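Only one structure is covered here, and it is reproduced in the block below.
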Amino acid sequence: MIGGGRGAFIGAVHRIAAIMDGQAQLVAGAFSSDPQRSKDSGADLMLPADRVYASYEEMAKAEAVRPANDRLDFVVIVTPNHQHFPPAKLFLESGFNVVCDKPVTFDRKQAETLRKIVAKTKKVFVLTHNYTGNPMVKEAREMVRTGKLGEIRKVVVEYPQGWLSARLEDTGQKQASWRVDPKRSGAAGAMGDIGTHAENLARYITGLEIDELCADLTTFVKGRKLDDDGNVLLRFKGGAKGVLHASQISVGEENNLNIRVYGEKGGLEWHQENPNELIVKYPDRPSELWRRGNGYVSDVAKKFTRTPSGHPEGYLEAFANIYAEAFRAIRAEVGGEPLPEDLDFPTIDDGVYGMAFIETVVKSSKLGAKWVKFPKT
Amino acid sequence: MIGGGRGAFIGAVHRIAAIMDGQAQLVAGAFSSDPQRSKDSGADLMLPADRVYASYEEMAKAEAVRPANDRLDFVVIVTPNHQHFPPAKLFLESGFNVVCDKPVTFDRKQAETLRKIVAKTKKVFVLTHNYTGNPMVKEAREMVRTGKLGEIRKVVVEYPQGWLSARLEDTGQKQASWRVDPKRSGAAGAMGDIGTHAENLARYITGLEIDELCADLTTFVKGRKLDDDGNVLLRFKGGAKGVLHASQISVGEENNLNIRVYGEKGGLEWHQENPNELIVKYPDRPSELWRRGNGYVSDVAKKFTRTPSGHPEGYLEAFANIYAEAFRAIRAEVGGEPLPEDLDFPTIDDGVYGMAFIETVVKSSKLGAKWVKFPKT
Amino acid sequence: MIGGGRGAFIGAVHRIAAIMDGQAQLVAGAFSSDPQRSKDSGADLMLPADRVYASYEEMAKAEAVRPANDRLDFVVIVTPNHQHFPPAKLFLESGFNVVCDKPVTFDRKQAETLRKIVAKTKKVFVLTHNYTGNPMVKEAREMVRTGKLGEIRKVVVEYPQGWLSARLEDTGQKQASWRVDPKRSGAAGAMGDIGTHAENLARYITGLEIDELCADLTTFVKGRKLDDDGNVLLRFKGGAKGVLHASQISVGEENNLNIRVYGEKGGLEWHQENPNELIVKYPDRPSELWRRGNGYVSDVAKKFTRTPSGHPEGYLEAFANIYAEAFRAIRAEVGGEPLPEDLDFPTIDDGVYGMAFIETVVKSSKLGAKWVKFPKT
Amino acid sequence: MIGGGRGAFIGAVHRIAAIMDGQAQLVAGAFSSDPQRSKDSGADLMLPADRVYASYEEMAKAEAVRPANDRLDFVVIVTPNHQHFPPAKLFLESGFNVVCDKPVTFDRKQAETLRKIVAKTKKVFVLTHNYTGNPMVKEAREMVRTGKLGEIRKVVVEYPQGWLSARLEDTGQKQASWRVDPKRSGAAGAMGDIGTHAENLARYITGLEIDELCADLTTFVKGRKLDDDGNVLLRFKGGAKGVLHASQISVGEENNLNIRVYGEKGGLEWHQENPNELIVKYPDRPSELWRRGNGYVSDVAKKFTRTPSGHPEGYLEAFANIYAEAFRAIRAEVGGEPLPEDLDFPTIDDGVYGMAFIETVVKSSKLGAKWVKFPKT
């Protein structure tokens, strides 16, 4: 693991998600850019001292020369955004599979470079857009795919949070600090951090690609350099329309990612904070509550469920579902076998798409919220 | 009553709302542009034949010459949009107070003319933007007014419906037919019919005025001439931002008007389909469920409630609250007294504002969804 | 109207419900046992002084001798429980139809006497167990009737309120005072006031009759003479089981009447505070949200709806639905025609059943919460 | 691990919960009473063959003689109820700490014997009444403890499920088969399986002990020998009253464990299927939504949370919280240190209490649902 030391949030999430199904173990790490903090964090995690590294460079070097049966199968990158690309490149090129937190890189150019590196090294690269790991999100995608909703007309996707409604960054809170810093976070604030999740979720479920967008980003909290709120109109290829908004100043909201999709024949609604339920809507009969774990859900959703209906699964289980798919790929890669064809995890392509999304919303907003064509990715 | 004959929807609503509190009685009407239908409708309503008129012109004339103690105190106009202005003008100028359904007129020009007529005749003119009659909407406004939420930053207001997701107009359904007809409905479809409610609700609660907007209107159902869906970005005077979307093709949605307002210090959320509850959000403590009829709500909301907490009030009661205020004004006017100063109903100014909203969203959309300044009203 | 003067609650509800559909008008009343209060209340309601009476006896006498086309069609009794029987008897015997609030009388004996009077006078007698006026309650009954749920196995019906969790009666609050007074309320407190609603709702929906019950009533607030909370186990004829509990000390609850019914093939759930929705459950497919006003609901529910789906109707509309049926009966009776055969309102039989319920729960509780057979009614 | 082989449900849950936080590893098991199935299951779990045993007796013997640094720290028992006691006894007496699924034993007598064994061996014994691992359940307990609700008056606790509404046991479904078999399940069916969870949850939150109870158990599905539904009235020591019902024939219900507690000053409500939220109610101010992970929750709840607010945790995380506490005890025991004093997991005492509950409800029901005193435990 690269990053995820003391004071970090997402590192612990990855550790739980990765081991939950008994398929992986944490064996080594460079947990901080501060060598002492890395060391201390490794000790917290009960790792042997010789596999806790002062830097990711040191780690890549040392692990690469370990015997095959005692070296890493993959590395997990959970650093702030500006520190995704360098270790990803290094580990891929050192022969390791990589699991990387989102957004994939600091900017779109890096993402495209990374795509070339992935292609060249032929290693597995997994991007943890974790929300698509939710079984009922997969069910939703299946409904769209199989035509249950008819042609999609409208998508409303939201990601309101409230935790940055005041200057939390001034308190030294680590999560806040780097997210509001353009040097570490990238060109966008809320849009990069969570707007990309909303974009990814919409695309995952509907399969629709953005044709052009019009984004109005705002920095409400004085002194901030990046957006802490953004409202975006979307036009998808094929004629569907969309609204996407994300915010970190929507006071009182926790992590309220949600999506509504309306087609010619039906609609659906899903809320991340109530992830076990998918509401399905019809023009002429009662709405239905599709719930995880029941016999009537599709095999696609069944595959990603651990407990029976009524035993709520949540954020960590969804995250672990991304890992479960990653492990299928990594096991094949490590074993020298061809990758399964039905892998279901976000890839470097999703990463490039996400960076293009960030670039485009920022561009649109800087032009005064004008319509901007979505670039080819 | 003008309009509201057999097959109409909103006429019956007005009749119930107007009499609910025992303060008014239906005494006369021109219920249809078809004289026979008007006659039949009057008979259904148990009106004496001599006060059921073949046309509103005939009615205005006949009623105006009745003795003061036996004539109309006010007239209610519930015709399709293009038939609001002529009777409104005629009755105002014939000395009657007028209650008129929304949107106020066919276009903005008519609305401004009507404003002059109202000013000149000094009659009471009430526009039934009924949703603002909800007690918890009034509570929400009070919270904003008294600063409980701090300065408002973001407003999200939605009005999704699904009833026009297919060509209902082809079945002869009367409500659908005129709404999709630009000659009767005006320049906008969904935006005029329900987008104006969303705009009105947002302005009522927050007091914010739109500075400029960017609207992407769409006609999804083939063959229609007016929008059946629209997504709008808003910039309010003073810096707040907003998202407004309204739709009649959001399949499975009934009448899901809802609003979220986020300020510096707090937020609130209200759903028309669950109108007795207002969710209030804070940065640092649990969200609260404020419910109609409880001792803790403000006097403003208490004034507009008929039953104790837990006895749900709904659409008709909210509508009746608009009438309750209208009656305070009408009673004063009829009695020759000055109008109360604290009247709380939508006026011709709201009507003009609403027509400017329609005009502006249509203009923006026709320009390809460009930002357009909101005109002075 | 008998009762319902200043300070009363349910009188105003009856007045709104009765006139809502333009089918009735308040023309006379004896609004209080205090003649001056009756007079003042009549004036508030804009009644002519000569039809506001000092007592119900005076009213019965005076109204009975008015010409047929200018006398009452029916009288509404909204006094505290102990004052139901005397006016009901008098008006029935004076030739008037009667609408009476629940519970029907002070005790079961009075109820049975009243039943004989109703039978003898052949007047219409309507008991306003208002919750059965809800369209989705009627839909629920229809589902049970048509076998959609299969044979019913279990019923859970609850009516928690919190408004009497402290000694509100000490503050002079009129509603609280008489409800906690055994001389005015009868043998039961919470069980009589709201437990009877729960019983009535369960019986209305399922058609099941209680075979025996075991009731544990409690008085939590010191100094009270009647129960303010009660838990009851039910055994229905035919083998179904039930749980019924009602409370006025369930702090924070408003008027949370709700019911769940489980059959062999399906289940349903309805909440009075969210009355437009009926949740229908299945063993093997998603639960459905059946909502008032949609095309898919049965004719039975459609008949009792005034507005389209998504326009919430509530307590007053449900109450008005009881009146709508009452008016069908009263119109026939006044017109000398046979009563319609499909009338759907609670009758004196429901009243007698309700009084038997009160008697039986009190008896069971006094025996230490032993099982007691439900008497024949 | 004892039990939990192929086809089992709860074994997999324990495995995930135990390893989630990286504090334990599965190293050995006797996964089935069928040696081959045990072997196969062990292979599925990637255990070395020499630590997969044909029987728990073999396992106890073999593990006991392994070197201290390479033997089990604890054993987990996840067999059907009738197979809890024998391995628990054996492993405790062989010097191992034990984690055991609920209900603790086949009958109350066994439970009391086991209590003596625990006392004598001084080993750690943990009973996985998992729902009390939920952070918001702990918050609820804290609220009661600190007097926020005042003296408790009423408790309503429910556990409706629908999965046994038909004869699932006839299909060979393993979970169903043993649960309806009195030889494996014990004296009660639904009441033993899930009624005990309801009882445990109520006692955990309120601290109230049952004084006497009246239970009406029913077998709705023909041919079953044990109850599949039960309704219980409770009288707690100190005067509070309660209703407890559990069911496996409540068609359409998943795992709807929920509780409402009403005190003199406040109330609370928690639903297992929406576990991140606790509704807190007051007599005179708005209800509040207390949500896991926020700054305002107590330290007690904070301690048992892995992710920030809005990142839903669920069943597995709650289960893992029981393990987290178990590990604190086991680590101390294995290290020869005194156990921490603030341990928070269900113990053998809870097990004995639960068995007394089962015994008492069955006794009451057999007497025709008479009141029966709760025995001393």
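Order of writing sets the labels: A, B, C and D. Residues in every chain begin at 1.
Everything below uses one rule, namely that contacts are C-beta pairs under 8 Å (C-beta built on N, C-alpha and C of every residue); 3 or more make two chains touch, one makes a residue touch a chain.
What you see is a predicted model, and the numbers here were worked out from it, not measured in a lab.
> Average the CA atoms of each chain to get its centre, and name the chain whose centre is farthest from that of chain D.
The most distant chain relative to chain D turns out to be B.
> Out of A-B, A-D or B-D, which pair touches the same way C-D does, with over half the contact pairs the same?
Copy of the C-D interface among the listed pairs: A-B.
> If you average the CA atoms of chain B and of chain C, how many Å lie between those two points?
Here the centre of chain C sits 35 Å away from the centre of chain B.
> Approximately how many whole Å separate the CA-defined centres of chain A and chain B?
Their C-alpha centroids are separated by 43 Å.
> Could you work out how far the Cα centre of chain A sits from that of chain C, in whole Å?
A distance of 55 Å separates the two centres.
> Tell me, which residues of chain A touch at least two other chains?
253, 280, 287, 291, 294
> Which residues of chain D touch chain C once you look at their complex with the stated criterion?
153-154, 156, 158, 160, 162, 165-166, 214, 216, 218, 220, 229, 231, 233, 235, 241-243, 245, 247, 249-253, 260, 262-267, 280-283, 287, 368-371
> Which positions of chain A touch chain D when the two form their complex?
On the chain A side, the touching residues are 9, 12-13, 15-16, 19-22, 26, 45-46, 161, 163, 253-256, 272-276, 291, 293-294, 306-317.
> Chain B touches which residues of chain D in the complex?
280, 284-291, 294-296
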